[in-house]
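Next come two complexes built around subunit A: one with subunit B, the other with subunit C.
Moving on, here comes the complex of A and B:
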């Protein structure tokens, strides 16, 4: 097991480096970084520009600059925001938790809901329930994430006034009179959006896999040996059907986390995604690059956890 | 995998309808109600996209008449609330079609905005897919056909694009390249078409960031077909690599490529809507995402300006997804569950 984890970690290094190179060159895609400084200060002298060039290390060749940036990054030194000048890691630290909270709850909830629904759908293929579930999930794949959020806000916040429309906390006297319940009230709508989007894909996958596995010989053998239906489905079939779903989750984690800006923007969620949209809008490069890298590392860690889970479910993987 | 030669022979012998791969697929597709429904939606979207400006109640945005619903309100004083709910819900306008989906805070008609936005949606969907598919076919073909270290390097690169939440990079790049767009529209002189510059930049960037998963799919197909016997036979006859790729492997993958293209169009439309909604789109072209963005801050009142463009996006994407699923069932029946 230990060796497997080490191998997975080593495997991640090139991916990490690749993304860091892309992130770094985002800044150069915008042209000379000194132009940004010149833009705000039209009267700046050439001497000051030269001094700034040395100060920011822009006089060195680009590969050296990249290496400096990378080593700083590994020491959790992300530089300073161009707006306000506060250190980026200080800014990011307070936002990461909100994003992680939102994403983690949604992913777990999506799994808890999609497994029984997918299994039931596969067991009764082409029944009314199955057709309803598959068409609703196809609808879910076609729906813009943010638009579902807008509709929920319009219905549940503006028309009915039941739930808060924005933010992660606040006004506890309005929502259920308790700080913890207040936080839950703020979570309900964004989590619903994220879960619905993930459910659609998960159910389609679980259903397709279960259909194939329920027809296989060893399930017939398990039934023939007199095991209860429950044990056949949940112990023997599910274990094989869940593998591809987890693989898919690993591949699509990037996309799921990329959806964060949209959901967080709609609900004005004080997380990384919301701040990323602001930072990208203002072209605040240190902040953009910092958030990019934090989200990358989060995605890589999540992928690693998923890989480890996968080994527990399907021990054959480790041998390969 | 019925090769064309056997198909032609059959035709000559029996003089019956040539049962080409495509005819068989079309016959199977016709029986799929969901697929036909998707095709109808897609055709409707293309129709509105091409001819929409002829029957839209109000002209497109730069034209001052686009704000006519605004002047309709009070011709004498010119003041009043420009935000009108859909006319069929408005007690002041019984049974009126004046502003079917309501009006926006700046006094334009949402229904007209949606119709004028359709052509941009079609433009985005098609062009992003063309760029994505060209890239992914190139990468998939090279990786799948040549294998070994070329494959290894290309697949590692595609992994970077897959693992990374690409929307984040798309946002920054779009912002960088659209922040200094000069002319809002480029005129193409001979065919006399205006191309929106900012939107085209967005499209190119979307295309450049979305090839990875399609490329991996095409690579897998290449790996499978490469090992088939007829390729070996072709090689024995002395065909070169280029000929094998273009004349023998790619035609075999045509059905998969068509299916994936249809699904990619759906995804591209969603992605562009997201980019525009987040405020990174081209403000000169009123796409559906742009309408959502413009009215987002006044959503509490003008909910109709958020609901109806969203339904347009949903229906269009749903149509392309149904079409893609239907085509996939019709062309690769062995993949059906």
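Moving on, here comes the complex of A and C:
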């Protein structure tokens, strides 16, 4: 196991470098950062521009620029935002936490809820309960997140006034002046949206896999051995059915970590996803590239965790 | 005469599919004595496996036992609650399936799967269950049981997997074992080993065995009495040697004629046609569309199973008017 992890960590190095190169050149193709400064300050002199060019190292050949950027990156020096001039790593630090908090809660909740529902649906295929669950899931899969988010805001924030509509903090008047409750109150709507969408996918996957596995010979054999229904379903079937769900999670991790920007946008969430979109629209080069690399590293680590889970769940996957 | 262990009367197990009701088992009756080896014979789709699953009451959906009586030790299993059945399954009645590769769970070690069965039926600690697991694996001839129980099914060969499956079935020393084509998916040499093992264990544990197969060779070797099924009904019941020598049902004759023999250079006789559609089975005797001796009555009336000699039952309108060839004369 240890060797497997080390090997996987080593594989990450070329992936990381590849993404850094792509990311660097895509940004390079997006435009000239100096033009942005020119746009912001139309009266700027040519001397200042030249000085800035030297200051940012833009006078050097492109490969040198890339290497300089990479070296700085590896020393956790992400540069400074073109807007406001604050260090990028300092900015990202606080956003990453908000995104991770939101996503982690959503993923865990989605799993905790979808597993029993999916199993029950499969056990009682075509029952009223199953039909209700599959219809609601289908609705969830096909519905855009921003739409659901807006509807929830209209109902629970504007009409009922129960929950804050935006941000992660700062509406203590709603819930008895308690900072912890305030944080929870802010989480409810965005988490609901994210959980609902993930839930829909997960339930469909678990249900479909469970249906197939409950029909398999080894489940029949487990029943024939006199194991309790609970043990048959939750021990013998579930572990076989959960694999594809983990795979799906692995595939969608990139999007999840990037912060489901739509949801963060709708709820004005102070997370990575929303700032990523903002930065890209303003062509804030150091910030976009910094967030890019943070997302890359997080995705790589999460993928590794998923792979390890997978090996644990299914022993047929060899540790090569 | 030995005591009756299992008595099935008028068992009907139907599958309620979208295409219609599949009458997989449609009024089967037979019994089994303590310590007996019974063969359940018939083509694929004749209802052999469904009968076994019905006794254990684990018929998969959309199947349902709609009628009949299954008495095990004089208790009707169809009247038991699910909880009571769980106690019987695996401990008193066990089953070995055809394909050991798919009947063992791929994601748990062999040891875990056996231990779960032992702990489901006996109040023992984990260490004791572990000890019993090793013991039973040694009984079925798994070399190096203590190490191998920590391995997963995919690390075993086909024959070894079937030994593990046998160990799981026998872990709680059942009094009745169904062996559902236990050697069909194995190499010929391994087949012999597994059959010998089953025979030995049967003697050692004094259990009754129901051997489900379409292989007449295995049946001849392993059983003392045979029930021939066709399309969900019983055609004939007789002692093994009696059935082989003097079959009374045309279907039994056809089955025996379809057995390849080395000592007679003859083309193999196949039974023309296929097993009928069980949603709308043929009227009267279900075998009549494929039967060489069929008369008008066979199309109209359902033949009843009658005892024509002591211990020899047959369900055929014409049995008195026809002479059938046994296994030797083909």
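As a convention for this text, the second predicted complex is superposed on the first by the 288 of 320 C-alpha atoms of A that agree within 3 Å, B and C clash if a C-alpha of one lies under 4 Å from a C-alpha of the other, contacts with A are read in each partner's own complex, and residues count from 1 in each chain.
The working rule: contacts are C-beta pairs under 8 Å (C-beta built on N, C-alpha and C of every residue); 3 or more make two chains touch, one makes a residue touch a chain.
Everything numeric here is computed off the predicted structure, so don't read it as measured data.
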Side-by-side fit of subunit B and subunit C on subunit A, or clash: fit
Once the structures are superposed on A, label A:146 by its partner contacts, choosing first (subunit B), second (subunit C), both or neither. first
One more residue to check, A:261. First (subunit B), second (subunit C), both or neither? first
In the overlaid three-chain picture, which partner chain does A:38 touch, first (subunit B) or second (subunit C), both, or neither? neither
Cα-centre angle that subunit B and subunit C span when viewed from subunit A, reported as a multiple of 10 degrees: 80
Per residue count on subunit A, the busier partner among subunit B and subunit C is B
Is A:124 touching the first partner subunit B, the second partner subunit C, both, or neither of them? neither
Pick one for A:212: touches subunit B only (first), subunit C only (second), both, or neither. first
Looking at A:86 after the superposition, I want to know if it touches subunit B, subunit C, both of them or none. Which is it: first, second, both, neither? neither
Once both structures are superposed, the least CA distance from subunit B to subunit C in Å comes to 14
For the subunit A and subunit C complex, residues of the former touching the latter: 125, 215-218, 220-229, 231, 235-236, 239-240, 313-316
Quick check on the complex: what are the subunit A residues that touch subunit B? 14-15, 18-19, 22-23, 26, 29-30, 138-139, 141-147, 150-151, 153-154, 158, 207-208, 211-212, 251, 253-255, 257-262, 265, 276-277, 280-281, 283, 288, 291-292, 295-296, 299-300, 303
Which residues of subunit C touch subunit A in the complex? 53, 56, 58, 60-61, 82, 86-91, 94-95, 97, 99, 102-109, 116-117, 120-121, 152, 154, 165, 168-169
What does subunit B use to touch subunit A in their complex? 156-157, 159-160, 162-169, 171-173, 175-177, 179, 213, 266, 270, 273-274, 277-280, 292, 296, 299-300, 303, 306-307, 310, 313-314, 317-318, 321-322, 325, 337
